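Have a look at the structure below before the remarks.
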Amino acid sequence: MPADAPVSKRLQRSAGSIGGFVVVTLLTFIGLLAITFFIGRVVPIDPVLSVVGDRATQEQYDAAKIALGLDRPLVMQFFSYVGDVFQGDLGRSISTNRDVAADLTRVFPATLEMATLGIIIGVGLGVPLGVYAAARQGSWVDQIIRVFALLGYSVPAFWLGLVGLAVFYAGLGWVSGPGRVDIFYEGLVPARTGLMLVDAALAGDWDVFWNALDHLGLPAAILGFFSLAYIARMTRSFMLDQLGQEYVTTARVKGVPEWRVIWGHAFRPIRVPLITVIGLSYAALLEGSVMIETVFSWPGIGNYLTVALLNADMNAVLGATLVIGAVFILINKLSDVLYRVLDPRSR
Amino acid sequence: ETPDDVLVVAQNIDDIVAIDPAQAYEFTSGELVTNLYDRLVQYDAEDTTTLAAGLASDWTADDEAKTITFTLRDGATFASGNEVTAEDVVYSFGRVIKLNLTPAFILAQLGWTAENVDDMVTADGNTVTVKYEGDFSSNFVLNVLASRPASIVDSKLVMEHEVDGDMGNAWLNENAAGSGPFKLDSYSPAQMVRMSANESYFNGAPEIDSVIIRHVAEAATQQLLLEQGDIDLARNLTPDQIASLDSEEIKVETFPQAAVHFLSFNQKTESLTDPAVWEAARYLVDYTGMTDTIINGQMEVHQAFWPKGFPGSYDETPFSYDPEKAKEILDEAGIETPITVSLDVINAAPFTDMAQSLQASFADAGINFEILPGTGAQVITKYRERTHQAMLLYWGPDFMDPHSNAKAFAYNSDNSDDSYAATTTWRNAWAVPEDMNEETMAALAEADAETRLEMYQDLQKKVQENSPIVIMFQAAYQVAMADNVEGYVNGATSDFVYYRLVDKQ
Amino acid sequence: MTTRQWLLADSPSSKLQANLGRGYRMMHALLRNPLAVVGMVILLVLIFAAAFAPWIAPYSPIGQNLGERLLPPSFEHWMGTDELGRDIFSRVVYGARITLMIVALVAVISAPMGLLIGAIAGYFGGWTDRILMGVTDVFLSMPKLILALAFVAALGPGIENAIIAIAITAWPAYARIARAETMTFRNSEFISAMRLLGASHARIITGHVLPLCTSSMIVRVTLDMAGIILTAAGLGFLGLGAQPPLPEWGAMISRGRTFILDQWWVATMPGFAIILVSLGFCFLGDGLRDVLDPKQGGKS
Amino acid sequence: MTLLSVENLRVSFPTPSGPVEVVKGLSFDLGRERLGIVGESGSGKSMTGRAILRLIRSPGHQIADKMEFDGIDLQNRSERQMRQLRGARISMVMQDPKFSLNPVMTIGAQIAEALRVHEKLPRRAVRARVLEMLEAVRINDPERVMKLYPHEVSGGMGQRVMIAMMLIPQPDLLIADEPTSALDVSVQAQVLDLIDELVREKGMGLILISHDLNLVARYCDRIMVMNAGRVVETCAADDLHKAQHPYTQGLLAAVPRMEETRDELPVLDRSQWSGT
Amino acid sequence: MTAISLRNVDISYGDTKIVHGATFDVAEGESFALVGESGSGKSTILKAIAGLAPEWTGDIDVLGQSRGHGVDYRFASRCQMVFQDPYGSLHPRKTVDSVLTEPLKIHGIGNRDTRVKDILNAVGLDQRFRFRFPHQLSGGQRQRVAIARALILEPRVMLLDEPTSALDVSVQAEILNLLKRLRAEQGLTYLMVTHNLPVVGFMCERMAIMNKGRIVEIAPSTALHDGSFGDPYSQSLYAASGGNPDLKEIV
């Protein structure tokens, strides 16, 4: 947009785009809900049975079915669900008997904490490795990094988790075992954010902090390995792309030192696509840690969602899907914003 | 290492839906209720097979008048400090019936309804009078009153937390209001349960200060934790893990269970209706092959519906793996093989292994199973709708009276689609012969304890000989624990798991 | 003239020769890429194992022998036996068939689906694009494994349903790629030229847009195969993949995981199989990218 | 006095059908003068320029019997030593500004960098020099342009920025590869005049690469005509129209003229030379 | 008869109007040039005529028929276009042969083999190029293929968008000669965009000079001989393009 366009017009346009964004996001959400909802209803699991158990009488069964509102037509159920969601009511979970919102504030931070540390590890190692491999394209270092990264694509997470536990916890005793903290530290610090590290730091309880970090280390490292694989690989490929560009030669013509050519010139433009890649793998870690959560007894959202799904606990499934979807959309939008900040061409 | 005064248990607790005794119906919630609440009469940790005095110090039964009068114990208090009163008992029973949640049917057998329960259960000073309707003996009634939903809750405390007329249901699903040996400190679903000792428990304070039950879904993880000494007790190890535990510091205890495992044929499946098929099936199960290997220590061969070790059990095991004989039976009856049917099974060890073993041994006689693994909820859904063909499942009694199982395995008065009954018979669409239906009802009404048990044995024999339900095993429960843990008691069902006597030297 | 010369001819004399020549050049380039060769060898072994399973496997994949359960790897049982006494090596060999089927079917279902949707969205732009991408985003923002789980639960157990479920979850990523790629040349002059020649939209999409997206799609699909195998394994792990006693690798790991501490081979052998095949696909995909998609991979 | 002396320079690239030489034994000497290199597309002009800076990219390979700049043997210098030369003493205006400027760095920063890697100067001084340089290449409002990103300037501006960037460290030898192809005819003249001025005043050597014969003829002292990696002819600029070689003549004749009257333009008879 | 006639044509992309009131006629058999600075809207006019820039108002007639706003199937065999960039106008995965047969297939024309051979001859490409892929062709050869593709449907009007600006002088000469010869042989009408005035002098009879989206002047190409332009912009363009006595003597 030309800088001298009338202010009112610019405002109008950005308002339009914000409005458009809200509408699109809203529609995406509703689509998300609709699909989850209808899948949930065709799953051949009877949610009523999850509530009343298999020995209930027909009367109890019918009463529960009405109480759950499952006697109404599907479309009606869906609309009343969406209506409730817009009023901030995610409903009650069948499998925990609590409000889904309350459950989510309990389980989501656990996953968030693990995934965040995972992505930090993934980015912290993946980006330099990728850049280094690209700078040394074709050398044996490059080959090793490539194979290492591809391994991250190929190893089943749960397998690695179990092996990791067996080796580092049981065998070597380097890390604490499953769970978020040692059982005796559990509940010592008030849950302000739900993130154990943050809560412990806020409470100034460093024993809990170090213990939590000790527990977090292995699962986060494993998640980190998976995101590292993807990030290193994409970084390498982006870097190769850039290193093949003319402007890199221009920088060399100027006599710029090699490390500066790589980090100061070639790396800059790839920050933007990298952010998208990182955002996506962060989202993937958030949603994809079910297996790791299972293995590490991590009370996270992946586990919650799986258990809910297998019990046809639709409110919980929908609530969790909504949260994950929201995170996904949020991360997407955030990387869009960063994109705009970092890439002058997109302004 | 765990501290001396705390017992740390690793267990899969994500089955818990509710911990309110009026709603709790899952295995794990049953354990919690047992440790957090008391009943008028109860099976206790010292001897899980005899009915003992609970909150009632004594009682008198009048079979003629169908009445039992209980006298409450002196000085029993709830964890809140409130005294246990007769009003609490009346409230608790009425609450179960009025809320009418899943386990309500157990009490409802006594002829109680939301309308009449206030008349059927009445308080007078420190006595409670319980009336019942129906043709059964007071022994049966006492067993019912020893069951989980008959737990006594602290009515004052509960009423304080009532919302929208839920009789405190929502609150009781996050808290406890009982008089049991432990009080609930915190419960977070699929994460952990903390209980601490009730120092003023009428039967003596527990040896240990607190119990922490931690949710660990993976068996391998439980094993790791136990071997590392980070937990004291692992509740969900598999037989093979147990067999391979070789640490000096770990011991294993085995507890026989009341649950029976069976293979059943839905009679809506044409090819499974011939009694010859039922009979042949009994020779096609590799009973000992399984108990020696995949379910070693976890199950033992038992072929009747009431478990061994309980009054009225029938311990004969006339059938063994004999494919030749099975083929003969099928040939004689002119059954055309191969028969191909689906076999639904819960998707977890050891059930899928058992299903595969059945698949292999039945294939010998031309009965081919297509295994359909599913989650518990999925399998149950199908079972209730009677859309399965063959089913591998188990059944645990709701309360420790043979009637609980007789009704499930030998009684089906109306096999029509719209008269649902949560019994093995109805759900397999097996129209039980009329004489068996009658015998089941007669046994229930029989006053003489000895005769009554004989009648149940006869019923078991009949079901064993001729029914589409092949009862194969009785469960046992193996618990691995640190060497210094003493006094863990695990009765025949999850209602009989007691932490009260646990001590760590 | 040797075949090689014929293939490499500068001026081919027929369409066939031109296309074969192009294929040959790519093959040649691929063969000079060590990782790609390793990948191809692994995949050939997989295909070979699948095709000749009955001849390779020393035992039946489902034959139980409860007396020989949980034996460690030995000369008789190269990879040991599992909890029902079945030979793990034989199961792994037969499992190659299932893996191959999963991989092939998913590739056949979801890649073309994503390709078509992405190409249509990118080519037409505007509302078509917005709607199609909206749907894609919805699917994309759903947790993949959960979506697959839900579909499997809805469709019932069985490997076919698992495959369909995975395919349903896999297409949106391809649609995104195809769209992005289509956008880069939807305004290009060769597309304009086709329009001016009177070609219909359908013809342009199928004849001109799709062929250009396929190479990056092939690369992407090959790389994703690892992920697809792992998703299938994950379904197996959560108990919703293949029905027992099918020797699906993920289900094998899942069942073996309780033994991981004491009978490590039960879960580890199929685990190695998964890693190996996934790596094979990754290597091949990486190599293909260098060959088919030079703009991404630098000029190695 | 010779500034640069090249003997038998060869640049080759590996291809599936064996290595291909794109510069085939080039030799020339350059004093503090203006040398024009012309030739059709792909004749190896740019590769020659890069080879002098030892910047042939990795699968490519360069060798020469001799390559000497101001008494320094370029061939045997380490990469580090080359870096000190690049920019400071020899620099090169890259052919395509659209791709040769870093898309995410401001123009000011890119020009300043060229100065900073070789000279330690306070921030202010750098800035002043950059502004000065931008003005010198006839950019209006250099203050604003400094803050722009390459995509925000036109192709012509980009080329001038490129020239500014390469001139700012005041090299002894400037290789200018098609420095004005994107410029409007009028600006073109101004920019080339600027370069010309530097050559005259500071005694800078210039290699001007272009395929515009008219332009080279006008701004250079000597012209080297390349075809398929080889020099076909070298002549004084003034004598271009008297060029002997049929290739040069062909190139000259193929340009349509303003007052064109020919019915057909004469075309090069490529069969006379090997190559494309 | 006029081959192309524009009356008051305004063309816009979205909100911005690019071309303002373009009006000119091209007679049948004539070669007409559109010249002007980069970005003045020359290509846009060609696109509008072809139907690739659908947002325009006014009247456009081609061979006596008024044009609709989109691409149209029948129009294809009357009028074709050659694009500026020989590297972007050929599908990278199609051989020359399939590029040339496809239009015939679209229009259900038989005898494809001979037609392809003939057209390759006509544009001066050897038959051995027939099964090559674009990356195996030089820029000039690609442009020949593009011209062949445009001609294979035997149109009567050709729109040429800077057909030689991406090519170097020697190749440019070949393409210009080819275009000139084809026009003579087949009686084609050309509307050609360029910014190179000498090319106009070689190829065209008349030209329209554009500046900032407007046609400032329509002049015969003989004006290039003496610089007799009326509009000041035309004159400056002429001067800058080497219509400048100082430069002439060099060549």
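Residue numbering begins at 1 within each chain, and the chains themselves are lettered A, B, C, D and E in the order written.
Please note the rule applied: contacts are C-beta pairs under 8 Å (C-beta built on N, C-alpha and C of every residue); 3 or more make two chains touch, one makes a residue touch a chain.
Note that the structure is a prediction, hence the values are computed from the model and not measured.
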- Query: So which has more C-beta pairs touching, C-E or A-B?
  - Reply: A-B
- Which chain lies the greatest distance away from chain E when centres are computed from Cα atoms alone? B
- Item | Euclidean distance of C-alpha centroids - chain B vs chain C, Å | 47
- Query: When the C-alpha atoms of chain A and chain E are each averaged to a single point, how far apart are the two points in Å?
  - Reply: 54
- Message: Using Cα averages as centroids, what's the distance between chain A and chain C in whole Å?
- Response: 24
- Message: Residues touching two or more other chains, restricted to chain A: which are they?
- Response: 44-45, 137, 162, 166, 170, 244, 310
- Message: Counting only residues that touch at least two other chains, what does the list for chain D look like?
- Response: none
- Query: What are the residue numbers in chain C that touch two or more other chains?
  - Reply: 153, 156, 257, 260-261, 299
- Touching chain C in the complex, chain E uses residues 50-52, 71-77, 80-81, 83-85, 88-95, 97-98, 102-103, 106-107, 126, 128-133, 136, 146, 149-150, 153
- Message: Going by the contact rule set out above, which residues of chain E touch chain D in the complex?
- Response: 37, 138-139, 167-174, 176-177, 180-181, 196-199, 201-202, 224-225, 236, 240-243, 247-248, 250-251
- Query: For chain D, which residues are in contact with chain E within the complex?
  - Reply: 40-41, 184-186, 211, 213-214, 217-218, 240-241, 250-252, 254-260, 262-268, 276
- Can you check the complex and tell me which residues of chain B touch chain C? 218-220, 223-224, 227, 238, 240-241, 244, 286, 289-290, 292-294, 347-349, 352-353, 355-357, 359-360, 370-375, 378
- Using the touch rule from the top, collect the residues of chain B that touch chain A in their complex. 2-3, 6, 8, 14, 16-18, 23, 25-26, 100-105, 108, 170, 173-174, 186, 188-192, 194, 212, 214-218, 220-221, 224-225, 227-228, 230-231, 375-378, 380-384, 398, 419-420, 422
